[in-house]
Amino acid sequence: MSTYFNEMIERGAVRPPYARLQGWVDQMPAELRNLKQAEAEALFRRIGITFAVYGEGGDPDRLIPFDMFPRVFSAQEWFRLERGIKQRARALNAFLADVYDRGEIIRAGRIPGRLVYLNEAYEKAVAGIRPPKNVYSHIVGIDLVRTGPDEFFVLEDNCRTPSGVSYMLENREIMMRMFPELFSANRIQPVEAYPELLRRTLASVAPEKCTATEPNVVILTPGHFNSAYYEHSFLADMMGVELVEGQDLFVEGEFVWMRTTEGPRKVDVIYRRIDDAFLDPLCFRPDSMLGVPGLMDVYRSGGVSICSAPGAGVADDKAVYTFVPEMVRFYLGEEPILQNVPTWQCAKADECQYVMENLADLVVKEVHGSGGYGMLVGPKSTKEQIEAFRHKIEADPDNYIAQPTLALSTVPSFVEEGVAPRHVDLRPYCLVGERIELVPGGLTRVALREGSLVVNSSQGGGVKDTWVLAE
Amino acid sequence: MRLFVEHVTTYTYDQPVRGVVQSHRLLPTQCQNQLTHRWNVTVSDGMPGGSFRDGAGDTIQAWSVRGPVDRIEVRVTGEVTTTDQAGVLRGNREIIPPVAWLDETLPTRPDAALKELAAKAESPTALGLAHELSALIAGAIAYRPGATDAHTTAAEALALGEGVCQDHAHALIACARLRDLPARYVSGYLFTDSDGKPHEAAHAWAEVWIEGLGWVGFDPANACCPDERYIRLGCGMDATHAAPIRGTARGPGSESMEIAVAVAATQQ
Amino acid sequence: MLSRTADNLFWMARYMERAETAARLLDVGARIAMLPNSEQGYRNEWEALLHACGSYDAFMKKYGDPVQRNIESHLFFDRENPSSVVSCITQARENGRIVRTALTTQMWDALNSAFQEMRQIEREPRSDQSLSRLTDWTRRHCAMVRGAMDATHLRNDGWDFLNIGYYLERADSTARLLDVKYYVLLPHIDFVGSGLDNYQWRTLLRAMSLHRAFHWAYGGEITAKKIAHFLILNPQTPRGLSPCVEALNLHLDRLARYYRRPTRAQESARNMMARMYETSTESIFDEGLHEFLTRFIREVADLGARVHEAYLSGDVR
């Protein structure tokens, strides 16, 4: 099938961003390639960047496969993407500020109230509370796919705590160590400023009660058993901030404090990598051992900032996703630069009927699912699998949405036989604080199995370094 | 009616704890139903934390106590003038829209019996439905202190056929939501029961959203709507969310709690 | 630094030192077992070792027979024994993993490769592994972690907590080894000063890698008094009690200066040092070596508790 857009080769010719990579590949003998691949793996294992998948057996210290063939964007391509991503991040934050305030977009009839207020991720506890700078989602991860030279679609938004940014940074480090010549031959924009930008973003949303010139920022992790612990500790280290667990923090008076060897130290901004439900047993799940009792009261009375804000998840819900273009128009008065993938809600009878009739051509996902689990890729499934899924949808239609199977673009990748095109997606990380920032790059995930469209690492996906060329 | 309240909650720990953190919903709602003259909350050895008004209009005040400590007393005293608004909550400033109160939580999750009960009400109006449901629940769950505990769900109380005001409120909330009426749990104080005897504990009831009227209180336990005998403190999805005091202690000790509530009408 | 971070550094160091102690105990046992049977029929020196590490009851319950192979299993491989080499290295690596960013790359490399190689050893058939290879391996890796720490770690408060962990554990283990020699290994008071006695002392010195150092420092006959002086009072002995207490004082004083706040831990350490300076081998033997060591072990434990209370618990004000 050649209906897929190949980002390197178009109609037999190498596209300009990849011009210098052709020679690089041609001149690399198979032995050297294997050597480099082994070297890369050893480096990854040595720094300990491994990935544990929840609910799967096997090695908890498994590596995500790293594909050395980079993915490249020209400066012009990125310019447009950047505008689209920032626009979307602004709209999502405006939406959150609105639904926790007067809910104008709902009053205006542009989004159904029940979809928002009865959403699992909507938190009554923060209604009427205005976070510093009115920012709710400080790190917006937007998953994009490409189907043609100028066609990008947003697959989903991640407004809570999108993970994977450590791969973006480490992939680049490793490529620079292994192929320094590539970096002198190509003018590749650096991504290494990300941790510093993240720290500045978080510091810029310090609470009103914080009088320190340098706010004390910490990262809150569920602990070292968490699959993303490596990323938490990596970011803390790169940002020069403490990595804390719930047990390291306590509430006293109007503030949150951390336990140090010198006594309690006030905490101003918490970049939390734990879910809302576990943040504070006094406010959410009473059985949470991961959180900090009383944290939400301190947050709501302006003693500490929590990033992302509790309740931010209501903006990245798969059912709310459909309305993001509407948010862009409503809040920003602009036309969306990035398109949504057309989506059918199985919760609606007529749309569900369409889905049932076209299961073989569609991708069906659970509304709250993630990690590529519980999803059906119609064209890649057997009749039996489709029928089994049909029963699941019938049993609980509200829980499913469907999208057309997109012709995901491909990028050449190193495979057993040499180099072959493999499908990719892209997750850039947009930072929202006093300013909106986006480092030129992101995490490219690649479906390493031939023909596969599922890029999730839990389903045999790998990662690539993502280049944005300077003009 | 001018009501005087004294409400003392004492926590004791069998071994000293490292520290205590509490979140209080202990201030009378700022609304037309009640006017607060004097209100004072103290926590022994307590440090006041932040204070704010939440999306339902409740004033939340945080407290903490630095350990080691083995006994904490929370004392509430105050005077409020109440007026009968026929159960309608008037003038409360809230940002959460009524539709958000249609969600269910664990204690208000309906089972088959609750669904059956909810389906029995036939009134064509929302207000009529709410009254009918309140009466049905009062009939189905007899008031008997000690029959249930703090963790009993609406479904369990209905199956048992007995319970206290918390169970009545949970059951009414579950049934109202089943009939697509937003409903919530309210905690507060009550001067005298329906038989005129002083009520010697904290009280709880339910509020149901009636389009055109607003939030209307229903107290199935006393087969009435809240009037001037009621003082409203705050609300939530269920008893846990609406609790006047939520708190936790750090340390291995086990906690015991004693509550004393007295509500009296003061001389005019 | 976070109290939890300090706690993990402290325990990482303690577990590495404890792993080394387990290996040294195995060495002592193996050498003593090469002796011909003594007259009292107190043949099983291995049994004495179990007393030394305080796991006699647990061992007897699980293995019953104190033969070399079982002891090897117990002291090296057994994950149910919290003081086995495998348990200690696993724990140390876990402590290190939690505070990865507080360690240097070299330290983590040393710690992690010890762990990875250990998992390899666990997978190999037992018949391929001689006891001396296992103990050499352990000592080598403990030295590598320690060396990486000395060479690369920033001299900050973390460095002090690591060292406090190392020296507390070392003081405890040297005292225990010495105590075991005197009261358990030697079957009868008549043997004091005999050939058997000397052989046991030499074995103990070898196990602590101090055999040659002793001869350089003292020369001549090995006597109980010389050994006691060497292992307790001599400020030059690397694993001796006095240098451990000195090092503990050094690192605790650094902390007090760094944090501008002395605690009860400094007070305890200073008192221990003062007593050490005041005592002599004569007074130790007058008090009784066993009594002296028992008291010392208790003091070390108390100091550990005070360090925990002042720095690691997070409850300090």
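Here the chain labels run A, B and C in written order, and each chain numbers its own residues starting at 1.
Throughout what follows, contacts are C-beta pairs under 8 Å (C-beta built on N, C-alpha and C of every residue); 3 or more make two chains touch, one makes a residue touch a chain.
What you see is a predicted model; the values in this text were computed from it and never measured.
*Asks:* Nearest chain to the global Cα centroid?
*Replies:* A
*Asks:* Let me check something: if the centre of a chain is the mean of its CA atoms, which chain is farthest from chain A?
*Replies:* C
*Asks:* On a C-alpha centroid basis, what's the spacing between chain A and chain C, in Å?
*Replies:* Computed value for the inter-centroid distance: 48 Å.
*Asks:* Averaging only over C-alpha atoms, locate the centres of chain B and chain C and give their separation in whole Å.
*Replies:* Whole-Å distance between the two chain centres: 61.
*Asks:* Where the CA atoms of chain A average out and where those of chain B average out, how many Å apart are those spots?
*Replies:* Those two chain centres are 41 Å apart.
*Asks:* Residues of chain C that touch two or more other chains: which are they?
*Replies:* 315
*Asks:* Provide the residue numbers of chain C that touch chain A in the complex, in ascending order.
*Replies:* It comes out as residues 1-4, 6, 94, 97-98, 100-101, 108-109, 112, 157, 161, 255, 259, 261, 311-312, 314-317.
*Asks:* Which of the residues in chain A come into contact with chain C in the complex?
*Replies:* Residues 46, 48, 224, 233-234, 236-237, 242-245, 247-248, 258-264 of chain A touch chain C in their complex.
*Asks:* Given the complex with chain B, which residues does chain A contribute to the contact?
*Replies:* Per the touch definition, chain A meets chain B at residues 100-103, 106, 113-114, 117-118, 122, 124-129, 250-254, 281-283, 286, 293-294, 296-298, 300-303.
*Asks:* Under the touch definition given earlier, write down the residues of chain B that touch chain A in their complex.
*Replies:* The touching residues are 19, 21-23, 47-56, 60, 62, 64, 66, 94-97, 99-100, 102-103, 237, 240, 246-248, 250.
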